[in-house]
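Listed next: structures, encoded as structure tokens.
Shared between the two complexes below is chain A, which pairs with chain B and chain C, respectively.
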Partner chain A sequence: MTRFLPPVTIALAALVLWQLVSFIAGSHSVSGVVETMAYLFRMMQQESFWLDVAESGTAIFYAICLSMLFGWALGVVIGLNRNVSDVSEPILVTFYSLPKVTLYPLVLLLFGLGLSAKVAFGVMHGLVPICLITGNAIRQLRPVYIRTAKVMRLSRSSVTFHVVLPAILPELISSLRIGLSLSILGVLIGEMFASKRGLGFAAVNAMGLGDGTRIMAIGVFLSVCAISINFLLLEIESAIRHRTARI
Partner chain B sequence: MKRPGLVSAAIVIGCILALEVACRYGFIRRSVIPAPSEIVSMLYMLLKSGTYNEAIRLTLSNIAISGLIATVLGFILGVIIHANDFLRRGVEPFLVSYYAVPTFIFYPVLVVIFGVGSAAIISIAVLMSVVAMITSTLNGLDRLPPAFPRTARVFQMSPVSTALLITLPATAPYLFTGMRLVISYSFIGVIASEFILAGEGLGYSISYTYNNFENSKMFALMLFIIVVVSVINSVLNNIDRRLKQRLQRGD
Partner chain C sequence: MSIMSEAIAIAPAPEAHAPVAASLSGVTRVFGASGSGMAVHALGPIDLSLYKGEFFSVVGPSGCGKSTLLDVLAGLSKPTTGTAEFEGRAIDGVPDGVGVVFQEDASFPWLTVENNVAFGLRRAGFEAAEVERRVNYALGFMGLRDFRKAYPVQLSGGMRQRVCIARTLVLQPRLILLDEPFGALDQQTRLLMADELLRLWRETNATVFLITHSLDEAAMLSDRIGVMSARPGTIIETIETGWPKDRDSRIVSDLRFASITARMWEKLRVETMKTMVSQEGKLQ
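And then the complex of A and B:
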């Protein structure tokens, strides 16, 4: 129980701060806690809201699946091969820190308006960190694992699936966590810029209408979703770490 | 430059050449992407004519201001959080999930607080980048050998001079990593906000040219941002790596 006391206190403090800001700025410009929650509750009973959620959710789901698949595969190649990693890492790191939003028009030209452009943009955000974290995890693996596998004359695929991947399972989960956060960001930015559906579009639309309460409600919904998924993945990660530490 | 660096450069150049050939021979339609050489000459013309100088100046100064604020603020917050155990255990779970929250959504709220213009954009960039600095500061302070503060106590140094003469130099490599991240997040924050939400700056110029089908200008501006960000990042990355190596050698 004591584990949860400090975060809960901080969360409550944040709510108090929010209420204070709303109080100072005036509730017509920054809506208060209760007002926003009530609005969110009403919004969650509307079908159109869940259509937006489904739209964004689908794009995020596809984006994270593709990022995971390709990110882990590339990460394994990079991690197991010193030359490949030396050559590709500077390129990947530079790409990772680019403001990718500037490339969104190019993505739109390549994929057209719609789901595929959003998914591609989500993958552009999520793929690289997953790949870098996986590669790093493999490089920091104790050399004895790979050497033992060599002694046993395991094939490349069984080294990957029976030695490397199980050994870096916690890092895989953590790469998934970070990749997911960034994919969500990518998809939402895509929707905010050019889309007619999804939560990002709903937020931009609300901005256009000057509907502050609606924006806050969408923001709170997204934040709560993102933080809970993150907490869940963190728990899974530490559970795996504990289990492997016991063995 | 060492061999792997040369190979990566060769790969990038090879990709650009391939794109050039594909565009020249019509494998890629001009409506999708013009040839790289055309993009470069367009960028040269735009820079020479000075059409976008104001936008460039505005964007870069916003990034610099937000980078400065986020670095100082992040460092101070990091020191405070490190000093208080309860605060730290409370804040840490949120710090690791922070980047899952799409900060842009709160732009209208910031507009209400700071007004339309640079201040709201800078505050978004600060919100996006400050957490990287806090995390790096915590990381650096955690790795400070306990002998350092003890030595300071033996010499009866004041808290301020301990901070300036011992803590700051000892944690400098970690703080530099934080600064590097702050700068790259500031770029992302400022340009993305301009792109989606603002009416001026480089990001806005790109989205404006996109909406008006001025593809060649759009790609020239994209190239400008990519080149600036890549150069700044590789310089900072290099310094960062040197500092880390020195730390490992234990000089």
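And then the complex of A and C:
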């Protein structure tokens, strides 16, 4: 149980800090804990809120699926081929260091307002890290595993599914975890810029109306979701890593 | 040549032996010959015949090309020049009937001990009952029965190596190539494992090719010992031990044991010194 102590401590500390900031800044600019929670509770009983959640959720789902699909595929190509990785990795890293918001007008031009633009923005954030982590995992694969498989005269597909895949599984889950949180970020920013629905839009809308409590409530909801998913994936990852780790 | 070395028979002519299991002729291996950078002549030329059912050990200074030689025999790397054959056919890719235990730990960390050992059998499509039978036997043989549900990460280096040996054995290879399999073990365990290896060799009638750093191990286990020169490694001497097939670790007290070891050391001392000198040269 001691392993739950740090997250719980951090959560409590965050709440205290939040309440403190609220006192200092005044509850009209930063709503207090109780006020926000009460608001969140009421908000969660409205159907329109869940429509926004569904809207964002759908976009995030598509974004992470596409990021995984292309990220893993590209990562495999990069990981297997030294020449490809020498050329493509600097390009990917450079692209990734661009402030991607500046590309948003371009994305809007390409996809128009709506789901596909949000998804594209999510993929822009999630794809590159997944790809780089996967490529790295394959490059770090211990050659002796492949040699062992060769000596057993395994077929190509057998090597892939019974040796390579299990060997890099912890990294794949790790890439999924990181890619997911970045995809969520990408989709929400997308919604803030150009959308009429979704949680990102709801937050920006509330800002326009000067409804600080609503912004805080949405923020809390998103944080709790993101942290839970992250925690879950981290648990899976460490369960696998626990037996995979080398001493 | 000293009196001592004359006391031991030089490898006799091939006709005195069983049929050939594997043979190398004029095998060399040069790394980076085609690409840019400096080419490394790692091995050879090597001429070597392994006879069916014999226990052949290779000793040689560090970096002389022992693992490279094993790779060629296993079909994992192609010789730069020369030919390699297993059971009369040219080695092209890993031949059927060859098993390898590598120098580094090759146990799969994502599988339990028993699943590691069963891995090759399952992939080869053996029936569950047969897999179970062979795995049980190998686990018992290697002293791993109590650890069958454990993951490699929970085992010591020596035990992981035993997992790898068991994983290779269950496939019943006709030629077993072992690269320093006991490197991670303490001296006493090494002796016991050596006995196990002898027992195994007698039971299976397999041909064994063992690379080792330990002169004692080579002297006690082998029918023949190939002594290799410094890189590029060639076999500078083949020593015939003449041990009976039912030997065990107690032969270390045999007088011949000492003379075999001394003979190996006589050759190796010079080669090892060459390695040291060339390394010193590089450092300056």
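Keep in mind that, in the parts below, the second predicted complex is superposed on the first by the 230 of 247 C-alpha atoms of A that agree within 3 Å, B and C clash if a C-alpha of one lies under 4 Å from a C-alpha of the other, contacts with A are read in each partner's own complex, and residues count from 1 in each chain.
Quick note on the criterion: contacts are C-beta pairs under 8 Å (C-beta built on N, C-alpha and C of every residue); 3 or more make two chains touch, one makes a residue touch a chain.
What you are looking at is a predicted structure, and each value in this text was computed from that prediction instead of being measured.
Applying the stated contact rule after C-alpha superposition, one finds that A:112 touches neither chain B nor chain C. Of the two partner chains placed by superposition, only chain C is touched by A:169; chain B is not. Of the two partner chains placed by the overlay, only chain C lies in contact with A:158; chain B stays clear of it. More residues of chain A are in touch with B than with the other of chain B and chain C. When the two structures are aligned on the shared chain, A:145 is found in touch with chain C, with no touch to chain B.
Look at A:181: by the touch rule set out above, it reaches chain B but stays clear of chain C. By the touch criterion defined above, A:216 lies against chain B but remains apart from chain C after alignment on the C-alpha atoms of chain A. Touched by chain B in one complex and by chain C in the other is not one residue of chain A. Residue ranges on chain A touching chain C, taken from their complex, read 142, 144-145, 147-148, 150-154, 158, 162-163, 166-167, 169, 240, 242-247. Residues of chain A touching chain B in their complex: 5-11, 21, 25, 29-30, 83, 86-88, 90-91, 93-94, 97-106, 108-110, 178, 180-182, 184-185, 188-189, 192-193, 200, 203-204, 206-207, 210, 212, 215-216, 218-219, 222-223, 226-227, 229-231, 234.
Residues 4-5, 7-8, 11-12, 31-33, 86-91, 93-94, 96-97, 99-102, 104-109, 112-113, 184, 187-188, 191-192, 195-197, 203, 206-207, 210, 218-219, 221-222, 225-226, 229-230, 233-234, 237 of chain B are the ones touching chain A in the complex. Chain C meets chain A in the complex at residues 74, 76, 93-94, 96, 98-100, 102, 104-106, 108-111, 119-120, 123-124, 151, 153, 171.
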